[in-house]
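Multiple structures follow.
Shared between the two complexes below is chain A, which has chain B as its partner in the first and chain C in the second.
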Partner chain A sequence: MKVTFKEWNAVATWRWDMPDDDVCGICRVQFDGTCPTCKFPGDDCALLLGKCGHSFHMHCLMTWIQQEASKGLCPMCRQKFEWKGNEEDGNATQNTQDITQDTTQDIQA
Partner chain B sequence: MFAGKRLSKELAKMQGHLPPGITFAKSDNLEEWQMDIRVLDDNPLYQNQIYRLKFTFSQKYPIEPPEVQFISLPASHETPRPIPIHPHIYSNGIICLDLLSTAGWSPVQTVESVCMSIQSMLTANTRDERPPGDSDFVSYNKRRPRDINFQYDDDNV
Partner chain C sequence: MPPTSTITTSRKRVFNSVFSASPALGPFSTTDNPPLKSIDPLATSRSFDDSQLTEPDEPGPDQETWDRAWDAATAFLAVPDRGFAALGAFEDIDEDVFLKRWNRHERPSRKTADALRVLVSQEQRGSIIDWYGQEIRRHFLKNFRDGLFDLLCYPEKEGLLQRIVRCLELARRIYFTRLAEYILPLLDASEKERAFLKLHRTFHHMVAYSSALPWDRVSALLNREFTKEALTILGIDALKEEAARGDVSIDEDMEVDREFSVSYRRWREEPSVDARMEMMTENEDAEVVAARDRLLSLLNGLQLVGLGGDKAQKVFAGVMNSMMIEFVLAAYPGQWEGPSLVSQHLRHWVENVFARLVVQVLAIINVPESGKSSEHLDVNLSDVEKWYETGFTCVGTLRMRELFDVMVEWPASSGAIDDLRRFTTNPATRLYFTLSFASVLCDRLLHPGASTVEILQLYISIIRALNLLDPKGVLLDRVARPIRRYLRDRDDTVKVIVGGLLADPDAEGQPAPSTRETLAELSAELTKAHQNSLQNDGDELDWNDMNWMPDPVDAAPDFRKSKTADVIGSLISLFESKETFVKEMQNMLAERLLQKRTDYVQEMSVLELLKLRFGDNALQACEVMMRDIFDSRRVDGVIRNDQGLVQSTTPDEPTEEIPDLHAKILSHFFWPDIQEQAFKVPEEITALQQRYSTGFESLKPSRKLTWLNNLGQVTVELDLDDRVFVDEVTTWQAAVIYAFQSTTPDDKQPPVTKTLEQLTQELQMSPALVRSACLFWISKRILTEPQRDTYRVLETLPSGENEPGTTAEPNTTDDINDDTSAAASAAAAADAAAAAAAKESAEAAAMEKMNLYWQFIVGMLTNQGAMPLQQIVMMLKMVVPGGFPFSNEELREFLAGMVSKGKLEVSGGKYKIVP
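Up next, the complex of A and B:
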């Protein structure tokens, strides 16, 4: 017997590599859930992993960092918030000022 | 939007469990909550007394701090609530505490953590006094607590 595939649909799931019950300290929603400003979780609602060991939804952290009163500090430990980038790209770290600029460009673009 | 979702999360968590000495009193809406706190040790200044805290949240909570102050209910009330005596608490209920100011606030604080800080601020106090200038402040202050520039000059209490 010969079988011919006429059509197929690939399905995959993914999740953040975070403990199940871990929540974003700012919005108190699980990392796998979406931040309060987004409708759907996923690539558009990324997480930021801080060098200090504290993580947040990117949108939640940006809302905080854009406040003058935040002074660019991590809400948990009050050290300067610097995020762990993709080490393989050679961008080992990027500080929040760079992120702010990137975000601004995105909005303008 | 941000505030509403975060507050519903906190409310749901509080209905399950709160630390000893802290109870939820009421919230008519999501913008204003009242919490009752009492001191757990035998500090004679606060023994057998329950105090009422009023939280007012802006749309930007928890990016902006809530406004938190003690409120009093008269002795004739079903649940009387005085204003606790403390060198950082004015007799109108306004609290001088840096974590409640824009400069000292962090968005990871919650209603529960703020209550615990205020509870420990009472527990640690031994001074039976009001802040300096209390009567003038209470008579003339028309500003909202977060607009007052307190000087956090006393780290001892």
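Up next, the complex of A and C:
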């Protein structure tokens, strides 16, 4: 017998490439959820990854940064908040790719 | 003065004539007067008193002549004592002989005639008539009283009343013949009238008040007779017959049988008003006419002998009252078609049949003693109106009793609601309505035997019906409370409601849109309700509403007409919080969205409509879910393009065929927890998934995909030796069948055989799931199970079931249909196995959750020492955020598992951590 798959309709979930149970330091909502002002997660409510290692919903952080009192510091560690810009983009994708490979290998094992 | 003096003197004369020592007295005077005296002491004593009180007797014109005349006349008039037996024998002998027996036949001799003339012509002529009255009384009491009394002792005898009436008529005749023939002609007109009435009254009083005919018995008899005839005359017995005969043969039978009918149904079916009119008024059939004649002649007799009058009227009124109820009960049960014509029909009947009988009867028994005034009407219009009201109240009561069934039949029974609307017009009937209906509901609906769908179905009917009945919603509010309370306690209420909302509305073409499983009409209702709400956006605080009415008095204190009083609103507001509802909505939506379909129009519209009710925020998750599905479609296209997953459209290019991999990418945070049953998907697919993931990650930076391999659909094509099988199956079924693929394309190779264990190992799938998949394939006749838990590919169908010529058939489902029974049972087995697998995975998921609590338990037992189960549960319930969702039993099972793993030990009912 030969088995051919004509069509495979799969289902997948997406996650931000972050540790599982991490929540936004500002709104305390999981990254996979939305910030309080947004309705739809993902593209509409992106994350900002800080160089200091802290990440937030973009909208949450923007609200904070725009305040005088913030002085442009990370609300968690009080370092200057700089997000991982485009120059590291390729690197980041590389990392995520590695991780995906790992997970698929896990599944196969 | 003169009249009293004549009376007293005449009394004295009577007294004297009776008690004088005159030897010429009749044979009866001396013997029979003592009993009379004792029976009627008042009369006698009065005459004594009178004689003593009045002045001495003024001498008559000729005392001698008078006395002689008196003797002759009394002898002539006296009635012989023949006893009751002689009266009772009237049936056997003819009238003349009968009268002869009673000494009523012979003409008076000259002497007697003269004597009568003398007595009557005298000034004191009243005396002879008085005497005759007493004679009648005496005779009646002596002869007839006991006989009549005895007759009444057998009240169940047929025609007893008629017999009694006949006896009394004869008695009356006996008493009155001579009076009418010989005395009355001697008097002038007014005297005649007076004398006759006097004796007449004497006779009536005797009949009525002597203990011969105790009224309670007579009234029972009357009641029976009236009822019997009235049933026929009013057409009630015909109605009952009709009902008893059953519905089928009515029409044909009735046409021939009886022209006259008060049947509501036939009345209804009659199209023209005139014909309806005629139906009750014309063409009375012989039976009715006969009954009417019988009744009227009986009444005539009764009236004549003094059993009519007020008392008979009372009995008659009682009978007619019960007739009204009988009629309503016979005519209207189950006649629920709308629009209801019951009120017209009833009015018609009351006016033409009921009132007619009443008029006829009252004309006989309602004769005032002092002549009949011609312009006095026995029945006037307000009476008829009152009867109609009474009748309609009966209809209301009947409908109340039927209400539950009316609700069950709902859209077809709107007529009954019309009737009830006329009935529930005052607080008393409304209270009766709510109380009785609520108790019926408790008895018949709100019990474990009724499925939630049935209850909801009926609740919907009730909502619709009562909204018609009482637009203010007060009745509904009261009736619905117990239902709502009960529904809240049912676990699957939400599920049914949500399922109904999401059900496909295109089921309308089918005969029963709402099956036992789903309430499909809810989805239709949702759309409809929305349109309605657009039309009348009525607000309670609309100050310009000139038609505003206060709530009825029976409204509950906390009653307020909510804007969501329609069906959907009522169902949704069943639950205190929207959360339960939304959560169920999410689950249901998830299930439907993950199906393979081209559009989700129904889901979209339901979601939009629900958003109007719940507000956007409550349904955010559902919206995200919808959007995920639409986004994935777009993203899917982009990724497949990027990664070169799209099949080349040029057919002649002999590239290696790769499966079309499509994916739905979900925002897991907004989807309900999806149970994962991990297993290894075929290599080919894994590779594709990997490429797909890469594509996704390049499209959406810093995000990654997790594949949920147990969800989704696969179209497989199985190339067997003798056939090709194409079908859409689940991913795990596909994975299992993939494992049976031949390693080499060599035809000589024996069919692939694998055991359950091998498959479990190979696919890393739970045995239950493997088994379920295998059973599925067996039902499709791809696999066989030669031994238990061993499966082999059925490369060629066994001969005899499939001709070799048809092997090239691309789809063998037709073959499978040939012996559907085997396939059906196999499919059933597959379904059962799938259910078992699902259950197992659910249990596994529950255990998984339980593992979270394990940390709590370990901590607790470490810190506080050994604990009994009860205490552990209590602590968990207090400590665990969000509550502890498991029952004692489940926890006990879990702990038992831990005990067997050696992590816990039990001593004396207490669990302890193994050190």
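Assume the second predicted complex is superposed on the first by the 74 of 109 C-alpha atoms of A that agree within 3 Å, B and C clash if a C-alpha of one lies under 4 Å from a C-alpha of the other, contacts with A are read in each partner's own complex, and residues count from 1 in each chain.
Note that a contact is a pair of C-beta atoms (placed from the backbone, for glycine too) under 8 Å apart; a residue touches a chain by one contact, two chains touch by 3 or more.
Owing to the predicted nature of the structure, the values given are computational and were not obtained by experimental measurement.
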Larger residue footprint on chain A, choosing between chain B and chain C, goes to C
Look at A:39 in the shared chain and tell me whether it touches chain B only, chain C only, both, or neither; answer first, second, both or neither. second
Scan A:79 for contacts with chain B and chain C and give back first, second, both or neither. neither
Please indicate which partner A:63 is in contact with in the superposed arrangement: first for chain B, second for chain C, both, or neither. first
Taking the superposition as given, does A:28 touch the first partner, chain B, the second, chain C, both, or neither? first
Which part of chain B faces chain A closely enough to touch in the complex? 1-2, 5-6, 9-10, 13, 62-64, 102-103, 105-108, 110
Can you tell me which positions in chain C touch chain A when the two form their complex? 594, 596, 616, 620, 623-624, 627, 631, 657, 659-671, 678, 680, 682-686, 688-690, 692-694, 696-698, 700-709, 711-721, 726, 731, 734, 737-738, 740-742, 745, 751-752, 782, 793, 795
Mind pulling up the chain A residues that touch chain B in the complex? 25-29, 36-37, 60, 63-64, 67, 69, 75-76, 78
Name, in rising order, each residue of chain A that touches chain C in their complex. 1-17, 30, 32-33, 39-43, 47, 49, 89, 92-93, 96-97, 99-101, 103-104, 107-108
